[in-house]
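Chain lettering (A, B, C, D and E) follows the sequence in which the chains are written, and residue indices restart at 1 in each chain.
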Amino acid sequence: MKLAKVVGNVVSTIKTPSHQNKKLMVVIPVDASGKECGDAMIAFDRFHAGAGDYVLILEEGGAARDILGDPKGSFDAVIAGIVDRLN
Amino acid sequence: MKLAKVVGNVVSTIKTPSHQNKKLMVVIPVDASGKECGDAMIAFDRFHAGAGDYVLILEEGGAARDILGDPKGSFDAVIAGIVDRLN
Amino acid sequence: MKLAKVVGNVVSTIKTPSHQNKKLMVVIPVDASGKECGDAMIAFDRFHAGAGDYVLILEEGGAARDILGDPKGSFDAVIAGIVDRLN
Amino acid sequence: MKLAKVVGNVVSTIKTPSHQNKKLMVVIPVDASGKECGDAMIAFDRFHAGAGDYVLILEEGGAARDILGDPKGSFDAVIAGIVDRLN
Amino acid sequence: MKLAKVVGNVVSTIKTPSHQNKKLMVVIPVDASGKECGDAMIAFDRFHAGAGDYVLILEEGGAARDILGDPKGSFDAVIAGIVDRLN
């Protein structure tokens, strides 16, 4: 998984049906010290992550469908958890 | 998913059958401020995205087949939605 | 998919059986203006693409097996079409 | 697989159920001489790797489920082994 | 697939069972002129590739299982052939 920081969310009206009623968060990958180290990406969220939260991004279609509880949905990246801290 | 900007489309006569009658858009990944941040890529489109639109690019074969409604097609990246705005 | 330019082909005698009798092309990813923008990669071809052709590279095992008509073969990247032009 | 060095672990309370009771390690990809050469990533571990260990990171959902012995879990990257040395 | 050069092998005692008795080679991606162009990675080998050989690296779990003849193994990257030359 990737470490990432939530920086906002996406508003999109025209989109594939399985994305309706799902939260689309804008996240930026960060390194172990929290410094940005990659391009923004979009991840689905069901853990109510907010801007400023550090999160775990999982990039695998099947796993994303499991986490979102939508076995027929079309997903590739999902927030799998919110980071408390790194040791 | 990736944020990207539509910059054009591809004309290709010699191609695999499942790509016939499908729109092939040229898109460039952008960051959260809309600045280009990656190399051009080609994504299938069924949402009538046009040049200048910001879109969501999903890169997973199974999800692409679902979105395009073609369970036997050969796809890897697809436009999953058109962005209204980022908060 | 990626845009790429064909620059040559690979000769390999010792290889996995499903690669026998298949054309292995050397391609380099290019951006929307045709400028090289990535490292060389190897893609299977059944559309008789030649050096200098611009092609569409699809990177998904299942889709590659479909395009090559070899449901048991071991593939990851394939030429899915030859580009006439970009608009 | 990637070569990587373990640099710590992640503490995360709010996370998807299949990640509960699993060790989440922070690893940084390294090159053949052990020099860091990529961004931090998070990998599941069942081999009790510790900070400073060099490990093999496997990035494939199905393989990760096999290695962790959790056929229904949501994973993408896993520590597949601990490196003794490179020849 | 990627072009790569074999630079050594990995010795690892603590590893997942399906990796036992398999050769783990350290390879570095190269461009069409043979110049190194990426970070070291680890690929399984059954073609007896040795240091200095140029090889074809295939990165897909299912294809890797086929090539290694181990349908239940946990793999992501495998040497699919040894390069004689590039035209």
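Note that in this section a contact is a pair of C-beta atoms (placed from the backbone, for glycine too) under 8 Å apart; a residue touches a chain by one contact, two chains touch by 3 or more.
These are the chains along with the protein names UniProt gives them: A, B, C, D, E = Ethanolamine utilization protein EutN.
None of the values given here were measured: they were computed from a predicted structure.
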{"item": "Chains touching both chain B and chain C, listed by label", "value": "none"}
{"item": "Centre-to-centre distance between chain D and chain A (centres being mean Cα positions), rounded to whole Å", "value": "20"}
{"item": "Centre-of-Cα separation between chain D and chain C, whole angstrom", "value": "32"}
{"item": "Sites on chain E at which at least two other chains make contact", "value": "none"}
{"item": "Sequence of touching chains round the ring, chain D onward through chain E", "value": "D, E, C, B, A"}
{"item": "Chain B - residues contacting chain C, complex", "value": "7-16, 18-19, 24, 26, 28, 39-43, 61, 72-77"}
{"item": "Chain E to chain C touching residues, read off their complex", "value": "1-3, 29-32, 37-38, 47, 56, 58-60, 62-64, 66-67, 80-87"}
